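Next up, some structures in structure tokens.
In the two assemblies presented below, chain A is common to both, partnered first by chain B and then by chain C.
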Partner chain A sequence: MAAEGSNSIDALGQFQLHSALGAVGGSVNFTQSNLMMVAAGLGVMALLWMGMKPRAMVPGRLQAAAEMGYETIMGMCTETIGGPQSRKFFPFVFTLFFFILFGNLLGVFPLFFTFTSHVMVTLALSLTVFVLVTIVGIKEHGLHWFTYFVPQGIPKALAPLMVTIELISYLSRIISLSVRLFANMMAGHVMLEVFGSFIVMLGGLGLLGYFPAALSLGVNTMLIGFELLVATLQAYVFAILTCIYLHDAVHLH
Partner chain B sequence: MSQDTGGPDSSFEDRLKAARSKQGLDAPPKPPEQDGLGGSAWGIGARVGVELVSALVVAVAIGYGLDRIFHTTPILTAVFVPLGGAAGVLNLWRVFSPKQSDRG
Partner chain C sequence: MLTYKRVRVRPTSTMKMSRWIMPLSGAGLLMLPAAAMAEGMPQLDFSTPLTLSQVVWGAIIFGVLYIMLSRTGLPLVASVLEERATKISRDLDEARAAKASADAGMAEADQATAKARADSQAAINAALNDAKSAAAAQAETLNARLEKQLQDAEAQITRARASAMSAIRQVATETAATVVTRLTGTAPDAGRLDGAIGSALAARGIG
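Up next is the complex of A and B:
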């Protein structure tokens, strides 16, 4: 994709959607993004099923990974959400975290597509979280939940202004949650593509270009490691922010 | 491991803990990060940008939408832009306020 016989770098071409699975996929608009989502879902299930099959007292590597994932998310739920209801939200947060984590990590492999690099996908995820948080809040507190938008101890005259600002702040969660994940994933892959193009273009220059090309290769190697960090961190951030929002919905003020 | 075999005022666990921390075997408890979202300069910068801009985007969307409904084209957008800026600052205050508030 990079620098196909021209002198320009096509860094965004990698995010184009194509239909996958041949004619069948094309007729129902099943894209490579959807294919990766299915792969991520199957990957999570495979990790949990194969990891927990031995049920060993001393866990092997897969079982340790599965148990660690369970314990991390369970700890996150009980500590951040708090209260007796926190375990109720564990399945949701666990699914969300591992779906995003596998999507991010699978995207680091060459030729694989990162579905979290599309803002529409992350927006759908954050809208799910937002709607769930709102429903949980209303279910827990009834109409009293709407006092969330009225800060305590403000003068009556300022209330309309403050309620508007609080409402905007509440709605901005949708944008900030989705943009954070999407921007991080997309930026990393654009950087990889740009430095990958540098390698090809500088390497084509001949003797003069070999040294900077090798330098770009070094940068790309570091970027891959950095991508792994960002992939895990962003999945974690998405999950913990979901927990924080759930905490706000369960514990009003 | 019974705890009352030690001195009258400190149990074995307490004395073990004190000895371990004296020898530097236990890492000192790290100060909790805000929200645990990473504290690097890049992380904070990205967080600030996202929070400010997202509030502004929502405010402009609301203002523009209301303007389209009520046919008052520039007025409500102009009203909501400063409110969006204020909401962005409020978001930042929630994230970086010195006292860990219960509102997250």
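Up next is the complex of A and C:
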């Protein structure tokens, strides 16, 4: 995590994967990234189980949090996806949102790995969404679904060009969805690492370095707050975009 | 009219600090690509199997989380929310029913009051009529009795008058005979006296 030498910053070392859970984990290539995924999943389940345990008519804090999460995602599904099937997608969107949210938020803790900072993980998530959206679209509309790529009221001559553009824009959802999340999380953690290294390096310079080191500490403090915002926002963006894509698949625009 | 006061913004300590943040972060960002170039992004390091194995494990974990959430976690929340919704609606229904029964009771009470008022009015009217008719009957009997007494009295008067009138001729005849006897010393002729008395009485309208 910290700087290796006195004047080089290893900003990317934090993203290095290594196996976790000792020899057993190593033998099945279980990484610390997966450990954080398990932690995130347990966190979500703990929020619901412990939150809803009192089954109170007037909820306490944790129950209110669990219910708020439930109702926010439910509202997102019914309002954005719309239609009678929107409840069918609710568990998926809920899992997606809280998996990413807990992954992002846990990653802000020092020494904790952020699995959403790995493009392969976010790519897998966005591919899941993409495949789901495509299957839902075809299941819902059959071959008629392919008219989705033909914008209405365009001249016949322009059709091939427009279809190509629409197809590319449709496929690029995979990239945009995954890279947006990955890049946001990675950039934030690189910044934290860089300023964290500044603190160590400048603090090592002696009296002259104390002031800029303290400044870096202040910056890092602000960055942590900023990261909390980004963590929540990116999870929300991922979920809402999934809902929008599902809306398109169900309603064809 | 609105007046705008010019507010002088003092540079606060955070603002002073922000002057330092920009160059510092700029320096950090400049170092970033250099470091990335030097070592390559671990995220794209496919020489280690961990980069892809984490995705496989991730898929499993995500799938398990999805199943757990959709089977237990979310139905738990849904059941509590539903419970609350049914309780609220039941309470509302109960309140509505209570209001309806209260309204019905109110209407009943109003009706009863109106009925009691009407009954009492009828009773008052009946009593009034009874009293009126009783008073009328009483007055009638009283009138009849008084009438009868009046008639009796009149009859008595007539009788008394008649008897008095019949006595007056005898008194007048005896008185006249006595007066004439005293004055003349001789008893008057009975026939003449009777004629004179009769004409005198006739002249006065008596007998």
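The definition used in the following text is that the second predicted complex is superposed on the first by the 250 of 253 C-alpha atoms of A that agree within 3 Å, B and C clash if a C-alpha of one lies under 4 Å from a C-alpha of the other, contacts with A are read in each partner's own complex, and residues count from 1 in each chain.
Definition applied: a contact is a pair of C-beta atoms (placed from the backbone, for glycine too) under 8 Å apart; a residue touches a chain by one contact, two chains touch by 3 or more.
Computed from a predicted model, the values in this text were never measured in an experiment.
*Asks:* Looking at the overlay, what does A:64 touch: chain B (first), chain C (second), both, or neither?
*Replies:* Neither partner.
*Asks:* Based on the superposed arrangement, let me know which partner A:158 touches: chain B (first), chain C (second), both, or neither?
*Replies:* neither
*Asks:* Which partner does A:95 reach: the first (chain B), the second (chain C), both, or neither?
*Replies:* second
*Asks:* Mind telling me which of the two, chain B or chain C, contacts the most residues of chain A?
*Replies:* C
*Asks:* Touching A:135 in the superposition: chain B (first), chain C (second), both, neither?
*Replies:* Neither: A:135 stays clear of chain B and chain C.
*Asks:* Tell me the contact category for A:251 with respect to chain B and chain C: first, second, both or neither.
*Replies:* A:251 contacts chain B only, not chain C.
*Asks:* With touch defined as at the start, can you tell me which chain B residues reach chain A in the complex?
*Replies:* Per the touch definition, chain B meets chain A at residues 35-38, 46-47, 50-51, 53-55, 57-59, 62, 80, 83-84, 86-88, 90-91, 94, 102-104.
*Asks:* For chain A, which residues count as touching chain C in their complex?
*Replies:* The touching residues are 8-13, 15-19, 28-31, 33-34, 37-38, 41, 44-45, 48-49, 52, 55, 57, 63, 66-67, 70-71, 90-92, 94-95, 98-99, 115, 117-121, 124-125, 128, 182, 186, 190-191, 194-195, 198, 212, 215-216, 218-219.
*Asks:* In the complex formed with chain A, which residues of chain C make contact?
*Replies:* Chain C reaches chain A through residues 17, 20-21, 24-25, 28-29, 31-32, 35-36, 39-44, 48-55, 57-59, 61-62, 64-66, 68-70, 73-74, 76-78, 80-81, 83-84, 87.
*Asks:* Could you list, by residue number, the parts of chain A that touch chain B in their complex?
*Replies:* That would be residues 161, 164-166, 168-169, 171-176, 179-180, 183-184, 233, 237, 240-241, 244-245, 247-248, 251, 253 of chain A.
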